[in-house]
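Below, chain A partners chain B and then partners chain C, in two separate complexes.
Entry: the complex of A and B
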């Protein structure tokens, strides 16, 4: 029996052996709330940005990618961000959850996504360029909850500016990154505040010229020659993540991919 | 500046972050002992057989349910910070946030000496009696219960009482669990008391004057007040969510001054009020007749068999269909109450296929809910399939009521009585008709019928 994180109604977990013998009070969303979230099917998502292609008209799709990504690939920031993984479409219900989680301070809401975010992380590992043996070894360690000295990905959450962090009290990307229970490397800093990204229009976002992100020089070694996994809450146009990837480029990572909770 | 702060903060408990004033100014007042700042969440340790346990308590909503607290590393105070998830919709309360109250001298309230009530209707003898009793009890700081049937005119009888108490310099609140009711009541009160300083508080409200003598509020918003009111009149005391929520009881409790009293208005008072009233420990009156002087319609029970199984195959019980067709020929609006949203949808589709009627369905999360209800009121749609959200506060003249699947556990006595109270509310058609369509009578159904019958008996029918 648990309380739903969103509607605070009492619901029962489906009974299985793990729950039968544990006393842990798991947190999560009730089935009624979960159906309102639209999960993006893995085999029908955009190859590059992880968008749900079933919701897109066929004319906007070209060999498994959406036209937005095509544009990115043709532009100057080609190849900066190799791929994005997204979990949910950013529908009205998700908007409500995100506004409570980001702006109103309900940090625990992220905890409800823990199992599914971890599942997505495993998918990221499976689709990575490691050998099958390395994958299997890492996944086994991950499943058992053991720490592993070689990480296939350096996990870098997107930062907030110091001012915003003081105001809000927490960084939502860090909270999401902590769900993976791996080592987190805060390698990027957000120097100056260019206004909230979520308050800007599409054209404004795409035209951001000055990069608000810069690399923290303490972590150059940690990034060098590694695969980097950026964590953010939402992928909207992809500008923010690409700016962050551009900031990392100085340290010469092997490649950069990203994981976001929503796409929209 | 001090005056402004005094006006805003007197009798309130607000978060420091919500304040429009500078922190230096507030600090100065705090040192002078005019305002008080307290931590949002208090921690205490209690001993358990298995060791010590930390218990958190929210200073604003009084929540002690430990499942509704969560700690995280806060970048503001650089510690593990706990926040309350119960009342976080009103702005999050954390360990490091401060709640501010005014503890200095109270501000000046307007005095009302002249007659201030411009309401010109008149009360029935029963209403007048209740109104007098209410005034008397509140004057001497005693609690009072008004147990009046649906459609007895509860709001009107408050007017004379409010006038007398305001003239005595009392500060009052009318609280109700529902936002709709506040919105509907505010213009009515404004019309009745044009010269009184009043304000309405509901989530998203704009019209919030400070230091007003008459406050209209939802029970949630009472959490913002702290020892402000002499009297709180709580309308629809048994309505969801007030009935189940300890937080709202706490809200009422802490919004009252130390010497204060409360009045309760309800058609179906919960047991913790009913019992003291019946045993004469709580003062009150019962109004068993409606304002038009006709008895309440007594519900009929009709057995419809295993309707759930039929509904799966889109089959409707024949007696229900027969009733519906017969009633629809009378050309009057029909409420069809159902226990849950899934049943609502199934029933609506089945009805759509089999009955030629203009109808609609409504549930709590329907975005077009208000438009649909207005349509129904205007008679554009004849039948409305709905969940229990419309069980109170909605008046449609000449309406008939069907409760489909009334044996469901969600329909308790209070809900059934309230739903039955939707019928026969107007003078043109005082009879109305209420039918329980059931698969086996439940105790709650019988209780509801007996409740209505006993009210009628007391009313002299």
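Entry: the complex of A and C
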């Protein structure tokens, strides 16, 4: 029995064999609210940005990617961000949740996504270029909740500027990254720039010239030659994540991928 | 973290409370002793009349005992049928005896079974119970009404509808035709006959509907239902499954009344479980309780997944029956040793039929019989015609066991692995997005492979002298599955009895001992069945084996003298694919490196002396199996084989005086003498003279009437151990 994080109704997920012996003190959303969230099917998402392709007309899809990604691949920032994983489509319900989570201080809302974010992380490991043995080892360690000596990914949440962090009190990307229960490397800093990304239009975002992100030089060694997993709340056009990836490029990571809660 | 800690502490507290409850509070020891012979008390179960025996549970001042009384005449039976009722008080004079403990390695432990129901004695009444004046409590009134209804159903409706109706409505399965009930049991659909949650829900819904229609307030109806459930539980015999369903129903109603509490179905069933176990820890050992809870919780745990994976009703039913079989596997296999794949399909056929048609119909028929009996007669005819072909199919598969895997009695380690494997497979199945039905079949097949392989790898062989009462039956299992040899099958000589004395399901030694032990040992075929000679106490059990277990080869002597019944039996065996081979002196039967030498008969003599005599070497010892060979035959044997030396002798003719002559013993010089003989048999076997002859030669005697079944285990050229079924 638990209270839904969103609608406060009492609900119980049906107990099944897998969870028979586990202590469940997780918080989450009730089935009614979960239905309203649109989960992106793994095998029908864009190869590059993780967008739900079922919601896209066939003319905007080419070789399993959306045309937006095609454009990115043809542009100058080609290859900066290898792939993005996204969990949910950014529908109206998700918008409400995100605004409560980001702007109204309801941090606990993120906790409800913990199991599914962890599942997505396991998928990331499964689809990585590691050998099967390493994958199995990492997955097993992760499942058991043990910490690795070396990590398959360096997890880097996107930062907020000092000013915004002070206003909000927390960084939503860090909150999401903490759900993974892995070591977090805050390798990127954000300079005090003007305006929230969410207040800008598409053209404005795509045309951002000056990169607000820069690498924290303390972490150059941690990034060098590693696979980096950027964490953010939402992938809209992909500009922010690519800017962050560009900032990391100085430290020569092996490659950079990203994981976001929503896409849209 | 805090909640994990508190959960852990709660578990410890609950465990400690239950442990103390089990150790000190509910632990019961018997207060009675065999010195007591006069008892006053109440009958607490419906008296069961079976042939010339009546038995019932009887509550004395101290504790419950099982009373047995052997009826002297049919008129006495009729009088007692009229006078013995549950709830009434009686005075009984008789002797207390301990319930039988098993005399074969795998036979049903009746003593343990009764002990788990807090019954420690069987009272054999000397005279018919003498009624005493007594007043009835409300519970007893309900019990008497139930008894009357069951009696009424039996007298009103035709077979097998009467049995089905009393099972479905009043939870009394004892009036089902025997074979039908066994078929329901072996084919895994006996759960349909048990009163369970479905009935409770159905009934509550009906009462609820009627009361609301009558204009009662919802809360009042709930109260009424709360009162009604306990009555219904008593009315249906208060078996574990009914109590479970009833308690669950009461909890649901209770918290609907309170409105504040929210419980999931799994919470509910756990609470009911705790309540029942706290009330009586012995519940844990009762099969009905185990099955009921395991199956229900498996259904609850899988309901969500099944709903996701299966769309049609039949498909869901199939999934459910597979999951229930998996959940109850660890309970059913140790007592039935077999699993039939037909049971899935039987479930698909019978569950919809029984729950949707027969159950409502039988409730209707029963109610209508009070109002307008001709209509109820028509309805019952309709029911029996509905069930005619399904029952035929059921009986066909009961008599022709196809698609059956014999697991035998699994070792605790194997059982544990099995449970683990089942759980893992269920989790994987649940995890898979696609259907993945094969995952659910893996445990059945994997475990069977393990059983077969472990038998093939094992270098241990066994010679088991089964306790078949007065008769002979020796089971030899060679190492590495090289062969299964059965020498004789036991048999109870039938004698004519009057119709009223006939038991509903008389004990059959071939089925209840030999076949049972074969299955328990995981044997799925007999490679060689040797019938030493045609006496009934050696071959009487064969007819119970034919058709139930494949027999590759049947071996008789050329002078085997069959009766007409035996010829019929041999023909039937032949039709089932058994080769019949005749052997006599000088023949050798080979099983890879093991040789069985036939030493006798050489010529045609009388029946006993025509016995096939086998000599073999197992585990470094020389064995001689003599059948019913008598002095004459022994003399001839020693004449033909003057240098025969034997370690283990199966004493001829159950230790009769006419066998085992001194001269014979002097030649073969056995070290061990095995006597297969019935307790208190009417022939006076084994004869004292024979016992003296043996002990004067320092031969160690082992008797099945004293030790129960005797098992010699051997490995290579070594006897590793000798076990006895009766604990010394």
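We take it that the second predicted complex is superposed on the first by the 255 of 264 C-alpha atoms of A that agree within 3 Å, B and C clash if a C-alpha of one lies under 4 Å from a C-alpha of the other, contacts with A are read in each partner's own complex, and residues count from 1 in each chain.
Note that in this section a contact is a pair of C-beta atoms (placed from the backbone, for glycine too) under 8 Å apart; a residue touches a chain by one contact, two chains touch by 3 or more.
This one's a predicted model, so the numbers in the text were calculated from it and none came from an experiment.
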Partner, of chain C and chain B, that touches more residues belonging to chain A: B
Chain B versus chain C as contact partner of A:105, first or second or both or neither: first
Partner chain(s) touched by A:116 [first = chain B, second = chain C, both, neither]: neither
Which of chain B and chain C A:56 touches, first, second, both or neither: neither
Contacts of A:14 with chain B and chain C, given as first, second, both or neither: second
Touched partner set for A:1, first chain B, second chain C, both or neither: second
Footprint overlap on chain A, where chain B in one structure and chain C in the other make contact: 25
Residues of chain A touching chain B in the complex: 3, 8, 25, 100, 104-108, 111, 165-166, 168-171, 175
Residues of chain B touching chain A in the complex: 67-68, 70, 72-76, 81, 83, 85, 88-89, 91-92, 94
Chain C-touching residues of chain A, taken from the complex the two chains share: 1, 10, 12, 14-18, 20, 23, 25
Of chain C, residues touching chain A in the complex: 3-4, 7, 262-264, 266, 300-305, 423, 426-427, 430-431
